[in-house]
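Okay, so chain A shows up in both of these, paired with chain B first and chain C after.
Here is the complex of A and B:
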């Protein structure tokens, strides 16, 4: 695909505030988006009691992007994950897409907000747990409206415990990966990282 | 037996994808989904659900009846936990009430019905418009490369191997990701639809809205 077809910073006006090369953020976003697809596909193979009860491993690239991508591209990554997976799985018009959109966007915004608020005082594990818990809580709220009614409170404890466990594991992996990965180091040097990530 | 079923499904899928243009099919699917959401009658919802299941089967998409039954039972049971309306039956501590039962069945039909109509109406070749669409298409290109990756990713060396994979993709395609099969497929998705396919879609949309006026 020619470079000119990739989004540039002028598609996201606020991106102009960030010091970065024009096509680099688009490339990093596209690559991380592809990993979201891949991890979603892996997650799809894990049996689960309800279609929207996911482990959340596909949010790993979003967690890594928290300290990497400027906010407009970070949000674009979250949307690429939701829309791309909905097209691949053919669930674009179903409630599953609603759960996916709400879960991914709240996790992304919470993780980003957490990083902005706490800076480097909270590790990737803390940020990951925060994102997973808020995301799962929002999905339970949506489930109570669309599917389960008041009985949604019964699935809340296992769903939130699952978020705590997977959030911890993903955070530990992200922390280790960010510390050791040469790709992450190069991408961060190229993009300059986020102000919060540097703080 | 299993491989023969797989072949048949692939044949149905190819025929389905050759019959419709992705955007027209998606638009029809969206219109029918809205009519389905507004349908209040449980029996008509059940009829529409059966049609969606049949169409999803025709489209060659993967269908799991056991998963559908399992999830639907879960939704109905969860709704039964909160009694609403006339008591129909009592099973130990579980009181089956008419309101809760109808609500649960209705929600289960909508939940599963939307999945099947969505499966049938969203083709993988659907090209999203604009620059956001180009970003999604770029991700598909990278995704194809990940799937085609020849190197190994060992659990004991997960970080090192995943890093190697990322570096490989990055160096190979930085700045100018070349189109892969899916990229080419995405860029040439516009195709002409036959008259019969167009008529079938128009009729399906009209029928879904006509059902809203039935009691």
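Here is the complex of A and C:
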């Protein structure tokens, strides 16, 4: 194709309405959302004693996005993850989706809040553990209200151990990834990173 | 390009606080309970208590249908369930205080309470 026939932004008037930073945030959200779907599928293959007891690997893109995306896109990513996980596990239109929604949103908001509160004094490991522990505690509380009553205390220890272990491992991975990945470095430079995520 | 994982002091504090919360929740959940070992079954329609020492089969109604709970040889297990994944059936038998099997889709929780805790030591010599 001759160069002169290549489309330019003039051919797409709507493109002019979106500043570069906004469309980049959308691109990064879409890519991380796709990773959420993929990791949800992997997570679904791992046997678990309770349907809502998860390793949390699908939270990895959200953990990486904590220092990357503006808040509206960050929340959009969290919702994409909830829908993806619920579609893959077949629980979208059941009350089990409530666990997923509450768990993911509290994890996302806690990680974001933790970063805002502690800034660079905490690494992805601490942020990840905070998110996992608070998310699991909220899900235990919901299990207590909706299903098991006071007996939900029995599921608390294994659930919290799971949060501590997987939160630590995901945090270590995210920290190593953020330190090595050129894509992450470029995305952060392009988006400017969140205010608290800047070194 | 930095590739080293840098753990901050606040990370250690978060791990320690989390471990503390975990220890408290374990004591709260599995602290000693007096009395003979019993099976407590909770579902949407109520709570039932059976001795672990008497063999029986119980149909527990839930939103998806009946969950079949069997008590045999001082152990209890979910033998059949209308839930899609059957993770509760795959969980196998339990027999010690504090152990539990849950079926979230059919909203059934089976747990063992009371009786002597198994300390994991059969005998000791001096």
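Note that in this section the second predicted complex is superposed on the first by the 174 of 199 C-alpha atoms of A that agree within 3 Å, B and C clash if a C-alpha of one lies under 4 Å from a C-alpha of the other, contacts with A are read in each partner's own complex, and residues count from 1 in each chain.
By our rule, a contact is a pair of C-beta atoms (placed from the backbone, for glycine too) under 8 Å apart; a residue touches a chain by one contact, two chains touch by 3 or more.
Since the model is a prediction, treat every value here as computed from it, not as a measurement.
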* After the match on chain A, would you call chain B and chain C a fit or a clash? -> clash
* Classify the contacts of A:186 with the two partner chains as first (chain B alone), second (chain C alone), both, or neither. => first
* **Which superposed partner A:87 touches (first chain B, second chain C, both, neither)** => first
* Which partner does A:34 reach: the first (chain B), the second (chain C), both, or neither? -> first
* To do: For A:156, select first, second, both or neither according to whether it touches chain B, chain C, the two together, or no partner.
  => second
* To do: Considering only the touch criterion stated at the top, classify A:133 as touching first (chain B), second (chain C), both, or neither.
  => second
* Dominant toucher of chain A (residue count), chain B or chain C -> B
* To do: Go through the superposed model and pick first if A:123 touches only chain B, second if only chain C, both, or neither.
  => second
* If you stack the two complexes on chain A, which partner ends up touching A:168: first (chain B), second (chain C), both, or neither? -> second
* Give the stretch of chain B that clashes with chain C in the superposition, choosing among 9-17, 27-35 or 99-107. => 99-107
* Asked: Across the two complexes, what residues of chain A are contacted by chain B and by chain C?
  -> 49-51, 90, 94, 96, 147-149, 151, 154-155, 176, 180, 182
* Structure fact -> The answer for chain A against chain C in the complex is residues 47-52, 90, 94, 96, 118, 120-123, 125-126, 129-130, 133, 143, 147-149, 151, 153-157, 160-161, 163-164, 167-168, 171-172, 175-176, 179-180, 182, 185
* In the complex formed with chain A, which residues of chain C make contact? -> 1-11, 13-15, 18-19, 21-22, 25-26, 28-30, 40, 42, 44, 84-85, 87, 90-91, 98, 100-102, 104-105, 107, 109, 111
* To do: Spell out the residues on chain B that touch chain A in their complex, using ranges where they run on.
  => 26, 29-30, 33, 61, 67, 70-71, 74-75, 78-79, 81-82, 103, 107, 110-111, 114-115, 117-122, 124, 126, 128, 131-132, 134-143, 145-147, 158-160, 162-163, 166-167, 169-170, 173-179, 183
* Complex interface listing, chain A residues touching chain B -> 1-3, 5-8, 11, 23-24, 26-27, 29-31, 33-38, 49-51, 76, 79-80, 83-84, 86-88, 90-97, 146-152, 154-155, 173, 176-177, 180-184, 186-187
